[in-house]
Structure formats: structure tokens, C-alpha cells
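Both complexes below contain chain A, partnered by chain B and then by chain C.
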Partner chain A sequence: MADYHEMWESLGMDVKAHDQLCAVLPTAFGDTYLSQENRPENMAYYDFVVSEIHGVRPAELIEHQKAGGKVLGTFCLYVPDEIVFAAGGIATGLCGGSQFWVPDGEKVLPKNTCPLIKASVGARVGRTCPFFRIADMYVGETTCDGKKKAWEVLAEDVPVHVMDMPQMKRPQDVQKWIGEIGIFRDVVEKFTGNKVTKENLQAAIVLLNEKRRALARVFACRKADPVPLSGKDALLMMQIAFYDDPGRCAEMANKLADELEQRIRDGHGVFAKGTKRILVTGTPMAIPNWKLHHLIETSGAVVVCEECCTGTRYFENLVAEDCQTIEEQFSALAKRYMKNNCACFTPNQGRIDDILRLAKEYKADGVIDVNLKFCTLYDMEGRDVERALKKEGIPVLGLETDYTDTDAEQLRTRIGAFVEMLG
Partner chain B sequence: MPEEEKDYYVLFHNHTEGLELYQYVRSRGISVKISPTPRVASVCCGMSLLVGADAIAEVRQCIEASQAAYDRIVALPRQIDPHRDKFC
Partner chain C sequence: MEITNYIGIDIGSTAAKVVVLGAAELRFVLPTGWSSPDTAQAIRRELERQGIVLADSLVIATGYGRRAVAYAETQITEITCHAAGCADEHPNCTIIDVGGQDTKAIHLTDGKVDDFIMNDKCSAGTGKFVEIMANRLSCDIDTLFSLAAKGKILPISSLCTVFAESEIIGYIGNGCKREDIAAGIVDSVSEKVAQMAQKLPLEHEVLLTGGLSHLQYFAESLGRKLRHPVALRANGRYAGAYGAALLARRRGAAQ
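What follows is the complex of A and B.
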């Protein structure tokens, strides 16, 4: 058996505590993923990544560091990975999606903080995740009050750079974001010792656009009926995309898309034709948060799309590849990233428009608007989401949850009733 | 324990061995899955191959024919329950 204990110890991890996570992950993954029938062959890659989740990729990142490279940990879609890769660094997603990390987060944060923030901070302060140990620098952003204060806690233990997000989408806000990307470039250059040039930035833009195109191909296949891929599997692909090597991510997503497109030609699905189709919108679902999708897909419905950070927002909109100067490239980056419609913006009509558009594109029978507990932004925006969907005659169910198991049965009952209501 | 309620996990010394056997077995159309190794099978993390009782004989033949490297094969009562609702 692969034994990563030496690597984890060298990272200063609390190996004994981490072992508790290693003990429960195989069961949760088996119940959620390996219980599925008729999965695409190319999901084997993602099963492999989870099986070696704290081994193979961390070892690659450490090799990069040994060769003099830097690893920057990010927590949000607004942070332009292109800058990091252009400077010869590696950007890796760090969001925590497990209840396992929450108690450690609660030691330094108020309990009424969202589980994503508590788990992310807990993974660092509890020393129970190799990715959080490996990252040389964390890149935060000001998307919500909880995160803003969390960076201050984390900065006591690890270098943190915070990008100051605009809160509106006026032309001057896009200009401000260009300035923030410039500041980030300066920080990254100093940290890595490498200059960001027009040429290496162009290569990084193309690299990450290819990743976006590949993920978009997989999602496009989910519009078919019967749907050739479960929502759980699509979610897993997205979660892994946040920390996998971007070139490999694109390659594996394209292989999966090839298979799915063949399945569509063959009329081959993972759920029977006519299975009720759900669009999930709301707060992100960081790995290994598979709860909602599992409950939906064991309640007679299939998730066909996610309008959230671990869904379409991650790959929709490309960065322009035809820029002539580095200034144009920065402008193109800012324009692309500012098209993301996070609830941190006011107003945020763009997200409502996205939900309505995606519900139609993916032929959703209903929408589930999920909110992680204590996420005020998405919670408050739920009213507008519900109103807009009802106006269009699209059934909607609003749910609030966290990473614990305790509400699973209650959620299953509500989801089951919602699916039944869809007819 | 009735055979149909059992699953088999093929354990490896490293993931390179595991992927090699996975590809060999799949190329012969035998149904196996890549799985995190259950704690009851080993305290070390990493991939294993999950094999149903109906396919284990064929997988053993593959191992013999390919001289594949592996650690051991562990038989366990079925570990998977989609309605357990225990997440991590």
C-alpha cells in the first residue's frame, strides 16, 4: 500500500488526527460514488485521484517546490490563476468541504461562520491537510465578511495576499480589478522571482482556456436526455479541477467528453430517459462535499447542472487570446473574471439571468437553491432567485445545510417531496 | 458469509502497480472499480481495486497471466451502502 506518512510528517502535519479523515473517506466515497451503476469508463481517473487524494498531487507539488517553484493556494474563482502559472508557479484550490475540519476552525472562528470558511481555516490550523501545508502563500479575496477576517487569522501562520474585490460591476469597478490584478502580479513576481511577460501570460491564458473548454464540453453533454453522466460525477470532476494540473485536467475532461458524446449518440444514459432534472444553484461545494448531490440522486432525480463556483462559473467565459500587449491581457483577464456573478456583488441580476438561462439550456424540471449555513449573501439572494423562477413557472426548492450528517434524512424527505411534486 | 454479499479488494504496494493491473483487467472487459482502500483492509491510504464476487476468479487469472505485482487480496462483507448517509 502507498504509505504517505513520511511525506505528511515532513509537512508538519498532525498525522494522527489526519488519520481519522483517512479512515472515513473510503466509506463515504464508496457509498456515494462506487454505488453508482453504469458510470463512464473515464470516471476511473477521478476515482483514482480521490483514492490518492492526499498523496499523488501533494507529491507533485512538493517536487515542484524542490525544483525551486512556488505553490499558491487560492479560495475563490476571482483569483486569476493565469498570473501564477505565467510566473512559473502552481495555483491550487484550497477550499475545505469536510465536517472533519470544522471543529478546528471553530477554535479560532465564531461558530456562526459558514462551514466552508471554518473547514478551510481548520484544515490549516489543525495541520490535517497536505495542500494547506504545502502552499507557500495563500491568496485571499474580499468576497465576504467571514473570509476577510479569516485571512487575518491565517496570516498569523502563513503568508497571505488579499485581493480587494469590487462590490459592483460598473466600468470603474472593472478598472479597479485591473489594478488589483496588477498588484497581484507584482506580489507573485517578487514571491516567485519570475517576471510575468506577454509571452508567458499568453501561454497561461491559453492553458487555462483549454481547461475551461474541456469542462464546458462535459457540461454540454449533460443537456442530453437520457443524461450520460451523473451530477455527482460532474461535481467530482469540477472539484478536482480546482487542484489538478490544468493541462492534465483538460486532457482527462476531454477524454470524458469524448465518451459522453458517444454515449449520447448511442442513446446511453446513467439515468432513465425522463428522469426529473434538477439545476442546483447557490453556495460552492468544495471537495469532499457530496451530500446534496447524493441525496438528490438517490431520491429519484438527477442533477444536470450547477450554477455556482463549483459549476458553470468556473469555466464559462474565456479570456481573450488575441491581445497585442500585456496591458490588453490584463484588461482581458479583468473583464473575464468580472463576468462571474457571485452574490458578493450588488446588484446581481446577472446571476438571476444565468439561472434562468441555464434552467432552459439544461431542460431543468426544477431548481434547488442551496445555501451553506451562515452565508448571508446567498441566503438573502435566495428571495430574488425564488421570485424570478416562480415568475418563469420553474419550481424551486430552497435548502439550507452544512457539512454534518445530521440533517440528511430531513433533506432527503424534502427533496423527495419536491421531486414527487415535479410530476 | 454468502459469496454474493462479499466484495474483494486488491491491494498494492503503490499506485503504479494498481493502475497497471486496472488497465490490464479492463482491457479484457472485466468489471472492476478503482477504490480508496477501506480502513478495515489496511491502515495505509491509497488506491485498491474493488472486485465483485462474480469477477474475482477472472481477476486472479489476470494477475497470474500478467504476473502483475500486488500486495494482497482481501475479502470483505459489502462495504458500500448508498443509504447510509454518512458523509465526511
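What follows is the complex of A and C.
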């Protein structure tokens, strides 16, 4: 990474502590990513983004702020980025995916909080992530009890707006979500000083739909056997999509998809044809959490799809682009976002249907249902997931883990045995 | 080249087990010690001492130290190997393998693994738990079980080895009978193992393998918790190594 110390210091970061993170990341990335063979050329962009992870994009966001723009940090894919971009703001994902931030999080949160929340809060309170420093406002949501309380901790240090999520999917819940998006619009308008109009909202809807279409194109390529892209590389693209400029994200994903489609025509894969194909489902994997994918792909199998927030849920379903009024646009936004099937909803049959559909579409030989420790909702829903898959004759392995590497060998045994079981 | 012996090596966290099938039929066990590569070399020396030529053998390694066996043809997880070690005689069964640091329950249908479950990173419900408690009672593991058979169960936590040990210290301080404490220890480990194994269907016979699979009292205690009879797999300690040797023979036949 180039030298960004001046920028980090001006952001009020704990630069010394942050240097420790910068020191380990290149090795971790090299071991996990650069050791892969036969990677698509267009992964070079994503490698570059990681190599400059706390430099290039933060500098862009600061430029935006210098020009009078606002940056809003989000933690969940129910938050409609369209509103932020329509008002001339930038939305950027803030989820923490490293154990590095967990100890700082544990200073203010109970230990039995999920690592994603601990890392996210730790990145803020420890002042060791530029994105958490740059964001002018955080946008939370009430998807789980841990997050609800975490916003209260974060709000002591940074402006936080919380969207109140419905917990069911009845018509009145969609109506409620339209109302919440309206409140969010009011907050964003006041914060940015810009109005959300039918025109700028339409442009934002198209911008983010284009990003979704591009990511979906890359995923569609993963249905091929031999698979032209490793699961690790696909995961990296998704993780970066959360905070990259949406237009550039679409452009780069489309370039990657062009290359992958050519690879498919050439019968060119990154794993041998017939390699056991795994669908991963469950909790999100925020950057730089590559642990499970790395274990799977060094145990004789390949990840072909992720049914999770850092997977299909991020791009499946588009917002209708043919709305005539701003009211229709709000309704279209609410409908699209409410199609996401997170375990925070009850009942959540839609997610089970998604998993079964994706297992078939991606020709998965088996499913690994992974749960971040202390995520009660996904943990409990795991029973339904396993039952439905077994009923369909699809082998499934349930795993629980966190951001530490201490359970890697145990996980390797389980994953290895699961792959052996697939034959 | 003619392969004369098929060798399964199972390097667990506590003991390394070796089974040889073919021209030589033998098995032996060594302590794992602190270095799996050293153990792998000790096994090689022992095999050579017994007249086995590694160059004429096909070796499959399993267990935690499987990757340390440089002279192995391949590595296979202990879950698959324990299953292979039982499948010929018991094609439909549930295997409970209580190992030094892991406990696994493995479900077999028609000789194939179709589901398994393994404990999280926690020593309660593993051989390590029993080993620590036996040390606390100043006896070996076999003695702990024979004491337990004569005792009345004292309640001991099955959640955490460290908590359980402090409870035992409390019982020792109160002058409780050693037999009763031993019975509590066995009850605790059985409870934890049963909690896990119950998540798999137990419609067929249940077989015990691993380092505690020669202990009738343990099988009975576990059977009470599971409300299902538990049988001791003959030479169950060697099930993983035996399975690895069988898989080596199968691989040799396919080559």
C-alpha cells in the first residue's frame, strides 16, 4: 500500500494500531488469494483494491466530502442505497470481517455478541478503520437484538439513523417499510441538503440495478462445470461491491463476466471438471473474512454460490424501473428490499425456497450452512435449512465459527469428511 | 510393483494407532507425543523393525497428525476412516468415536457415511475430559471407570472441563467417596456425548470406537443416556487405522 499515514492521521485514527493490521493483511491475502492458480486476468482490479484497501477508496470518499458531499455508512442490505445516491451522497458498507477489531468491540459489548457486530463496533471505537472514520452518518437497522443495542453504543460517538425493520412479510409490513424509507429520505435530504426527486431517484435506481445485473452475470458463470472462477474470488468481488463506487463496480464485474463467459466457451476452469460443488448458505462474510471459502477450496471442493448477504441476496431482484411517480418508486423500492430473505423474518420459508432453488441452479453436490457464533437467528433457522435439504436428498453440513483461526483444523476435518462423503 | 502391505496410520491427539493388512498382519499403538512428524518417523522405524518395507507398502494416514505422515500415499479424515473400519461388519449403524480431543457421531447407511456430527472446540465430552479427571483422582482411565461402576453418581457439569474440575475439587474437599466422584465423571462425559449423538438418527445399532471403546461401563452409561443400547466395537481403538488400511487396500486394488 502507498503511504497514507497523513490521511489516516487527519482522520483521527490510531495509526500505530492500524499499522499492525496493515502489516498482516498482505501476507493473509497472498496466502489465501495470490496462491490460487489460473485466476482470471480481471481479478487484478480486485487484487489492487485489496492492496490499497485503506487508501484509494477512502481518499475518493474524502474528495467527495471536500466537494461538499456526504458519506453514509451502512451495515445491512435492507438499507436502500438508492436514497443516498439520489441525494448526491455516497453509501458505503461498513461491516467488519476481521478478528483484529474484535477485542476493541469486546471492550464495550458482551463477549457473546456475534463477531460481525463486535468487529464493526471495535473498528469504530478503536479508530482503526478509515471507512468508519470517514462516514458522516451511520445507518443502522433493527435486524437483530445485537445490532439494535450496538447502534446505541455507536450513537455516543457518531450520528446514527436507525431504520425500523418489519419482522414479517405481510402487506402491512411492506407498507411500513415504505414509511421507513420515507423517513430515511427525510433524514438524508436534511443531512445532505439535497432533495430526492423522481429524476435523481430514477437515476439511482438504474445505477444500482446495473450493479446488480453485473454481479448476477458473474454469478451465472459459476453455474458452469468446470467452474471458471473460484468461490474465493467471487466472494472478494462481492465484499468489494459493498463499498466500491457502484458504477465502477458494475463496469469491473461486467469485464470479469466477459472473461468468464469466454472461459466457459473455451471449457476453461479453475478447478477440474467434476470437482465437488458447494453452495454456502448462512451468515455474511465481510471483508477480509475468507476463512471458510479457503478451507473448502483447499479441501478438494469448490464454492459455486453463496446464499447470504455477501452473495445472491445482494443482487437478486431488481427495483422496477418503469415507475411514473415518486410514490410508485418508493413502493418499488420497498417491494424489492422486502424480497430479501433474512433469518430476522418470521416465518422465513422464502429463504428455504431460495436455498433449494440455488442448490439446483448451481448444481451443488452439497450445502454448507455456516453460522457466525452467537447469531441466534441463523443458528435456529439452520434446523429448517438442514431438514429441507435432507428431504430433497441434498447433503448438508452445518458449521459454526467466528473470525479466529483457532478452529481451522477442526473445521478442515469436518469439511474434508463432508467432501469425502460426497463421493 | 507388487504391493505387499496396506498400512493405516491414525495419529490422534493422544495416541497414534497403526494397522497393517497384507503379507504382515499386525497393529500397534504409540503415544503421539509433542511432534506428529517425529511420531510419523517413530512409526516408520517400528514398521521397519517388524520387517515391513515401506517401499512395498501403500500407506493412508488419518487423524489430526495425518498431514505429518510424509510417506503416506494420501490423507483421509478420521470420520471416513472410522466408518470404513466398521462398515464391512456393520453397514447400517451409528458410530460414536470418543477421541482425545474430538468426539464424532457418524451415521452409516449401506456402508456409506450419510451424516456425521463433531463436537465444537471444547474438551467436555472427549477423552481429554476423562484424562484430566483421572489425573485429579490420581488414577488411570481404566481405573476411573472401574471405580465408577461401584459408585453413586455425583452431579458434575458437562458444559466445561475447567468448571467440572473445580466441582470435583469441591467434592474432594468435602470428603466425598472416590467411587462416587468417578461415577459423576463418567455420567458427565456420557451426558455430553449423548447430547451430541442424539442429533443423528439412532435407528440402527450404536457402536463405540476410539480410546474408550474397551470400557463396558462407559457403553452402559452412554446407552442409558441415549436410551439405546451401545455396543463396543472389537478393537475399537484401532477402527480409524483399520479403516485407513482397508481404504489403502481398496485403492491398491483399483490401481
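Going forward, the second predicted complex is superposed on the first by the 422 of 423 C-alpha atoms of A that agree within 3 Å, B and C clash if a C-alpha of one lies under 4 Å from a C-alpha of the other, contacts with A are read in each partner's own complex, and residues count from 1 in each chain.
In this text, a residue touches a chain if its C-beta (ideal position, glycine included) is under 8 Å from a C-beta of that chain, and two chains touch if they have at least 3 such contacts.
In this text the structure is predicted, and so the values were computed from the model without any measurement.
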Quick check on the superposition: with chain A as the shared anchor, is it clash or fit for chain B versus chain C? fit
Counting only touches as set out at the top, which of chain B and chain C does A:Asp3 meet: first, second, both, neither? first
Once the structures are superposed on A, label A:Ala44 by its partner contacts, choosing first (chain B), second (chain C), both or neither. first
Quick one: is A:Glu409 in contact with chain B, with chain C, with both, or with neither? Answer first, second, both or neither. both
Between chain B and chain C, whom does A:Ala272 touch in the aligned arrangement: first, second, both, or neither? neither
Which chain, chain B or chain C, is in touch with more residues of chain A? B
Is A:Ala17 in contact with chain B, with chain C, with both, or with neither (first, second, both, neither)? neither
First (chain B), second (chain C), both or neither touched by A:Leu34: first
After the two structures are laid over each other on chain A, how near do the C-alpha atoms of chain B and chain C get, in Å? 11
Contact residues of chain A, present in both the chain B and the chain C interface: 409
Chain A to chain B touching residues, read off their complex: 1-4, 19, 21-32, 34-35, 41, 44, 47-48, 50-56, 98-100, 288-291, 294-295, 298, 403, 405, 408-409, 412
Which residues, counting only chain A, touch chain C once they are in their complex? 395, 400, 406-407, 409-410, 413-414, 416-418, 420-421
In the complex, the residues of chain C that touch chain A are 64, 76-80, 102, 112-114, 116, 118, 120-121
Listed in rising order, the residues of chain B that touch chain A in the complex are 11-15, 19, 22, 26, 33-39, 42-48, 50, 71, 79-88
